[in-house]
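There are two complexes below, and they share chain A, which is joined by chain B in the first and by chain C in the second.
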Partner chain A sequence: MSSITAAAQVLAQLDADAQKAADAASSAGFAYGLAAIGPGIGIGYLVGQAVQAMARQPESAGQVQTTMFLGIAFTEALALIGFVVFILLKFA
Partner chain B sequence: MTATNPDAFGRLEGPAPVAAIARDLVRRGLIIAPVLIGLGAVGWQTEGAWSVAYGLALILINFAIAAYVLSAASRISFALMGAAALFGYLFRLAFIFAAVWLVKDASWVRLVPLGLTIIVSHLGLLFWEMRYVSSSLAHPGLKPTSPSIRHTANPHTNRNSSEGATPS
Partner chain C sequence: MSFVIAALEFPSVENLVIWPGAWGIGFNKIALEMLIAAAVPIGLFFAARGQKSLVPQGARNLAETSIEFIEEQIVMPTIGPDGMRYVPFLLSLFFFIAIGNLFEVIPMFHMPANARMAGPLVLALTVYALWIFVGVKNHGLGYIKELLFPPGVPKALYILVTPIEFLSNFLIRPFSHAVRLFANMLAGHILLVTFSVLCIALWQTGPLLAVEALTFPMLVGLTAFEIGVALLQAFVFTILTGVYIGGALHPAH
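On to the complex of A and B.
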């Protein structure tokens, strides 16, 4: 009888550990998703304004595109930081 | 084209400055690669060196893909370029996620130098590139390095948006 109780306790502990790991994984994934939303909004705004500028002044399209590319890359860095933090928290 | 009805379906003519910037970023990344790989080897031995090299390759491929997609889409229409920028962001994030996910358990990978390389090289290359990017209509895209070009360039005769994008 005591061995059955011990086995049940081990199973309960395993269940709790698995639940904890699942919670941690979903939290990390949630945090990464949230970290990607901000840059997504930023890139959307940036690109929208850039397309409008290029449409209004096609002669300055090259200059606008240059600035837009650098802006996209800088904004994307925020998402990359969120991704790296997610990877490090979850797997390192 | 009128002020109230801008032509979002116009397209970029001539060489794309974005491609020149991406080429410049990749070139600078390859220049700095031995230093970064050496730092990784000093800090995390062989695994660190491989991880730094992998992270740097990821970032350079990311820049190259972004520039290729944007320049190709902008030759079709500006509206398509906007869509390509937004969906390209999602696909490139997924690409980096998949690339790291595939090797996260590999014996030659350490996640800390890999993550640090992704952040530091991305931001570092961008700040480095910003020193050479002109925001004037006289030299859209990259600034020319040749002193003769710099002295003879006339903003009133070189107002075409795609001209003068000379890699530095």
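On to the complex of A and C.
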């Protein structure tokens, strides 16, 4: 019981700035984790389809590869923006 | 040489999107790297230009291979044969970004030039200005209208489509173009720093030294991986430039 009271006292002592820093720290972790889900699925699907295309038509592998990198670049943009938000929340 | 580099200020992680002490007094490590990244290709291509022998050697081999690479892997798939006039621009872009990125793994530097927002942002804004200019020059102001009001869409839908097209073409496109390069290099840099610090910390602690056998090969492997990422990101940035220019030259597809 006394430990809960002590924790409540610590929480009450947090001023606005410290509260904001704590919120930023806890949401920074979520920002990247959540941002990685969608692009992870997307890139996996994209590369899988590209490999399938290359296996079916090895002669068009070069073209498929270029398009694949392009698609990856567009897909991973969301994950990267999540990463930047994480870094900015953490450090800036 | 190492003293000069060590004397230069290292832009701290708090300065991700601000350049400390701008306008001449902010000459830090990244500025030096950018100067080198600009000077090396100039030197390379002047050295290649000076060769008179019929069989290409050394610098000339590299120059010819890289020009061929830009023409066949970037210009032809994205712009087409009429995009050959953009080869010098794309080539300089590729070399500047690739060499700037490779400083991530070069000893004494260990800091990619593009891991702070300033460099990628300037490059992305240059490309942004270029593709708008190319589009307006070739198709008049109708190009902007075509971007904002895509043909073949029912008139009532323009209320929905036009703001989305404006956002995605004029705001998100340059932003994501810059952030893609910036965040990739920053992430790679932080990854390498994390593993290096881990290796140092394990080296100093006695009982956990055995774990070093796992982390150090991982650091070596990640360094090799980051060389690949550095070159791939330069390629991706350049090919996206090609796609944007190609879209401005041939808006139909």
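Criterion: the second predicted complex is superposed on the first by the 69 of 92 C-alpha atoms of A that agree within 3 Å, B and C clash if a C-alpha of one lies under 4 Å from a C-alpha of the other, contacts with A are read in each partner's own complex, and residues count from 1 in each chain.
Please note the rule applied: a contact is a pair of C-beta atoms (placed from the backbone, for glycine too) under 8 Å apart; a residue touches a chain by one contact, two chains touch by 3 or more.
Remember, it's a predicted structure, so these values are computed and weren't measured experimentally.
Applying the stated clash criterion after superposition on chain A shows that chain B and chain C collide.
Residue contacts after overlaying the shared chain place A:Leu80 against chain B and chain C alike. More residues of chain A are touched by B (comparison of chain B with chain C).
In the superposition on chain A, contact is made by A:Met68 with chain B only, not with chain C. When the two complexes are overlaid on their common chain A, residue A:Gly40 makes contact with chain B while staying clear of chain C. When both complexes are overlaid on chain A, the residue A:Gly48 reaches chain B alone and has no touch with chain C. In the superposition on chain A, A:Ser60 contacts chain B only, with no contact to chain C.
Clashing C-alpha atoms between chain B and chain C turn up only in stretch 62-70, chosen from 62-70, 80-88 or 152-160, once the structures are aligned on chain A.
Annotation: chain A residues 63, 66-67, 69-70, 72-73, 76-77, 80-81, 83-84, 87-88, 91-92 touch chain B in one complex and chain C in the other.
For chain A in complex with chain B, the residues that touch the partner chain are 36, 39-40, 43-44, 47-48, 50-52, 54-56, 58-70, 72-74, 76-77, 79-81, 83-85, 87-88, 91-92.
Contact residues of chain A toward chain C in the complex are 63, 66-67, 69-70, 72-73, 76-77, 80-81, 83-84, 87-88, 91-92. Chain C meets chain A in the complex at residues 13-14, 16-17, 73, 77, 176, 179-180, 182-184, 186-187, 190, 232, 235-236, 239-240, 243. On the side of chain B, the complex with chain A involves touching residues 1, 3, 6-8, 10, 12, 14, 16-18, 21-22, 63, 66-67, 70, 74, 78-79, 81-82, 85-86, 89-90, 92-93, 96-97, 100, 104, 111-112, 115-116, 118-119, 122-123, 126, 129-130, 133, 135-137, 140-141, 159-163, 165.
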